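The structures considered in this document are given below.
Here chain A shows up in two complexes: once beside chain B, once beside chain C.
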Partner chain A sequence: MDILQTLDAIWLARMPILHGLGNTILISLLSILMGTILGVVVGLLLTYGIGLVRLIVRLYSDFLRGTPVFVLILACFYILSVVGIQLSAFQAGVFALTLFCSSHVGEIVRGSLQAIPTGQTEAAKSIGLTFFGTFFSVLLPQALRMILPTWVNTATEIVKASTLLSIIGVVELLLSVQQVISRTYLSLELYFFAGFVFFLVNFTIEKVGRFVERKVALPT
Partner chain B sequence: MTAPVLEIRNLHKRFGQVEVLKGIDLTMQMGDVVSLIGSSGSGKTTLLRCVNLLEDYEEGMVAVAGEQIGYTERNGRRVRLREREIARQRAMTGMAFQHFNLFPHMSAIRNVMLGLVKTRKMAKDEAYATAESWLERVGMADRKDHYPGQLSGGQQQRVAIARAIAMNPQLMLFDEVTSALDPELVSEVLAVIKGLVADGMTMLLVTHEMQFAHDVSNKVVFMQDGRIGEEGPPDQLFYNPKSERLAAFLKSSKF
Partner chain C sequence: MLNNLLRLGSTALVCGVLASAAHADKLQDVLDRGHLIAGTGSTNAPWHFMNESNELVGFDVDMLRLIAKGLFDDPDAIEFINQSGDARIPNLATDKVDVTCQFMTVTAGRAQQVEFTVPYYREGVGLMMMADGDYADYEALKAAGSGVTVSVLQNVYAEDMVHAALPEAKVDQYDSVDLIYQALNSGRADAAATDQSSLSWFMKQNPDRYADAGYGWNPQTYSCAVKPGDQRWLNFVNSVLHEAMTGVEFNTYAASFEGWFGVKLDPPKIGFPIEFK
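Up next, the complex of A and B:
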């Protein structure tokens, strides 16, 4: 393994690689953001929805979590165009990851809301709070603290899953590195490099997550 | 004549097929202190929880200050009130729970302030001052910035009582407030309640502290299988029980 040669190859291809990294970050950010918003709705419907609504959302969540992300990405890219919805590879990929993220966030939200003792709701009711007052002042602040570690974990999963978008031709970090490999044949070195960059991205997310966790931790 | 603070008539409550309250009648005037005693499963906690509609009831009525709680008659049919109405009615009573149920993400004073700000629509600084004075009252002013996790059980319960009475309820409900406490912490909570009795607060208590029930109540109700087994002034119930069930219960409670 020639380190200088590898660094040289990376330096020469820095612009496409940075572009790929930018895409990876953009895909992840968009998917996590939209997936979280949708996921909170899913979680609320799983917790407070009644009858048919709850059943549909339950099926949605189970189906998405039971399907490989890979299949989901292919489905969003190929099937949607068949039914007349034209999405670019980038859009289809972000859409797939958003769905995937929303099902996981939905379960996290449901789990944490249900983990809050019923006494909390009763105490809130006993001082005259309405459903919304109870939710926003009592349940949500507790649920958010519980959600945080698992949510950070889901975010890192999305970053990793974003590499799968390379299969439908989205030039994210992995594909941009693969393109360098196809020119230089430095496969081992450059795959290691790509892995290291992904690690750095997720390590940063984890660290920020820990920091926020400590910030909002309740004194005991 | 003003309406009684609490009026319960022919109250029935079922959990599925099981009828846990089989027709309860109880009236409380202002300043009354009524203790509900009885073995577990006799329905005393359920009765208490029907008063602020933490439990729905199927038949009969509960009225606080002349206003029926939770339901109304419309075209001859019994309809549940809207959530907003029920929330307003719940604020007419205050409740202290066996497990305190303080909000763990709020300091003691913010726990007390929440209902004042959200339900009573008080300005923040006014709510702060009110909350502070009530914490003072239960001897917790010096811990006002502590979080529930930093307080002992007895201290948490005192804050929880302050949270309830700060709302200025017409009736206080105490649900086995000392049952989850270590023995040495029971007295500090009972002392707070005794102080409130001396102030003339109307209260309905479920308790296993027989001596305490005897000392503070002007009426004691012995619950038995979802009915009122026996009721009367404390001296009569504790020293002159009519039924064998009550006598046996008092003996097992080591009164």
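Up next, the complex of A and C:
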């Protein structure tokens, strides 16, 4: 393993690799952001939805969680274009990851809300709070603290899943590194490099998550 | 109710078929659009890969540029769709690309899903040795019997593949292409066996260091592919490729061939068409 040769290859291809990293970060940010917003709605409907609505959302969540992300990405890219919706590879990929993220966030939200003792809701009602008042002043602040660690976990999963977008031709970090490998034959060295960069991205997310956790923790 | 749904479905289907029949003139569509949408990969030298200036280049890319040149007299009137090997057939089926040239092996199974053009390359497995190594050529390797070690990419068929050419040779399997070359460099292997095109490209990158054993086997044909059902478009792409190998664009084809595989092609014999010899 020639380290200088590897560093030289990485330096020479720094612009495409940075572009790939930028794409990975953009894909992850968009998917996590939209997936979280959609996921909170899913979680609320799973917890408080009635009858048919709840059944439909339950099917949505179970179906998405039970499908490999890979299949989801292919479906969003090809099935949508068969029915006449032409999304670019980037858009289709972000859409697929958003759906995947929303189903996971939905379950996290539902679990957290259901973990809060019903006594709290009853107490809130007894002092005359409305449903929204109860939710925003009593339930949500407590639920958020429980959601955070698992949500960070889901976020790192999305970053890793973004590599699958290379199959439909989105040049994210992994594909941009593979392009360098095909020219330089430095496969082990450069895959190690890609793995290290992914670790750095996820380590940062985890650290930010821990920081926020400490900030919102109740004083003991 | 069910009947109504079925009727609605079949009407939609008929409309769809009629619409697509009316639209099945890809050549005109591409001309109207003003550029070719071409599918190929970006991670396999010398077929389709990013060079040091981060431009997509390779033999497949040159073939696609020839098609663009034939259409618009401009080899740059082309939009490349980056696709993985698995995406070649689906991207044609869903009209995401007009044509795919991506070292696609012609098989009867695939020919039921896409329409293949005339071939533009014949791939096979070759043997590469060190130029100053112990063996002169394929005959010498074969004569050495079990004294020869061949490095090869890990594969279910790897052992059988090597033994088809060198029945007694010892076979060492490796995970990646760089490792089979490394085995040769370090003397762990006497020859490396992989696609002839990869070997040719690698030898061109490292002149005088390696030697070709001069034997190829396991032939397979590389063709471009188009969506089935549009004979005019298929004919057009066929004409471009055919004339690249035998006619007015021969020099472009030959320059590309020499650039990627290091082999100088003889021009087709003038007079009676070689195709009918």
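The rule is short, and it goes like this: the second predicted complex is superposed on the first by the 220 of 220 C-alpha atoms of A that agree within 3 Å, B and C clash if a C-alpha of one lies under 4 Å from a C-alpha of the other, contacts with A are read in each partner's own complex, and residues count from 1 in each chain.
Going forward, a contact is a pair of C-beta atoms (placed from the backbone, for glycine too) under 8 Å apart; a residue touches a chain by one contact, two chains touch by 3 or more.
Every value quoted in this text rests on a predicted model; they were computed, and no experiment measured them.
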Combined model on chain A where chain B meets chain C, clash or fit: fit
First, second, both or neither for A:P219, with chain B first and chain C second: first
Which superposed partner A:G66 touches (first chain B, second chain C, both, neither): neither
Touching partner for A:T130 - first (chain B), second (chain C), both, neither: first
Which superposed partner A:Y185 touches (first chain B, second chain C, both, neither): second
Apex chain A: angle to the C-alpha centres of chain B and chain C, given in degrees as a multiple of 10: 160
Which superposed partner A:G84 touches (first chain B, second chain C, both, neither): neither
First, second, both or neither for A:G51, with chain B first and chain C second: neither
Which of chain B and chain C A:V171 touches, first, second, both or neither: second
Overlay on chain A, chain C to chain B nearest C-alpha distance, Å: 40
Contact footprint of chain C on chain A as seen in their complex: 12-13, 15-16, 74, 78, 81-82, 89, 166-169, 171, 175, 178-183, 185-188
Residue ranges of chain B touching chain A (in the complex, touch as defined): 52, 54, 83-84, 87-88, 90-91, 93-95, 97, 99, 101-105, 114-115, 118-119, 146-147, 149-150, 160, 163-164, 167
Residue numbers on chain A that touch chain B, as the complex places them: 117, 119-120, 122-131, 133, 137-138, 141-142, 145, 218-220
Residue numbers on chain C that touch chain A, as the complex places them: 42-45, 49-52, 54, 81-84, 86-87, 90, 94-96, 175-179, 181
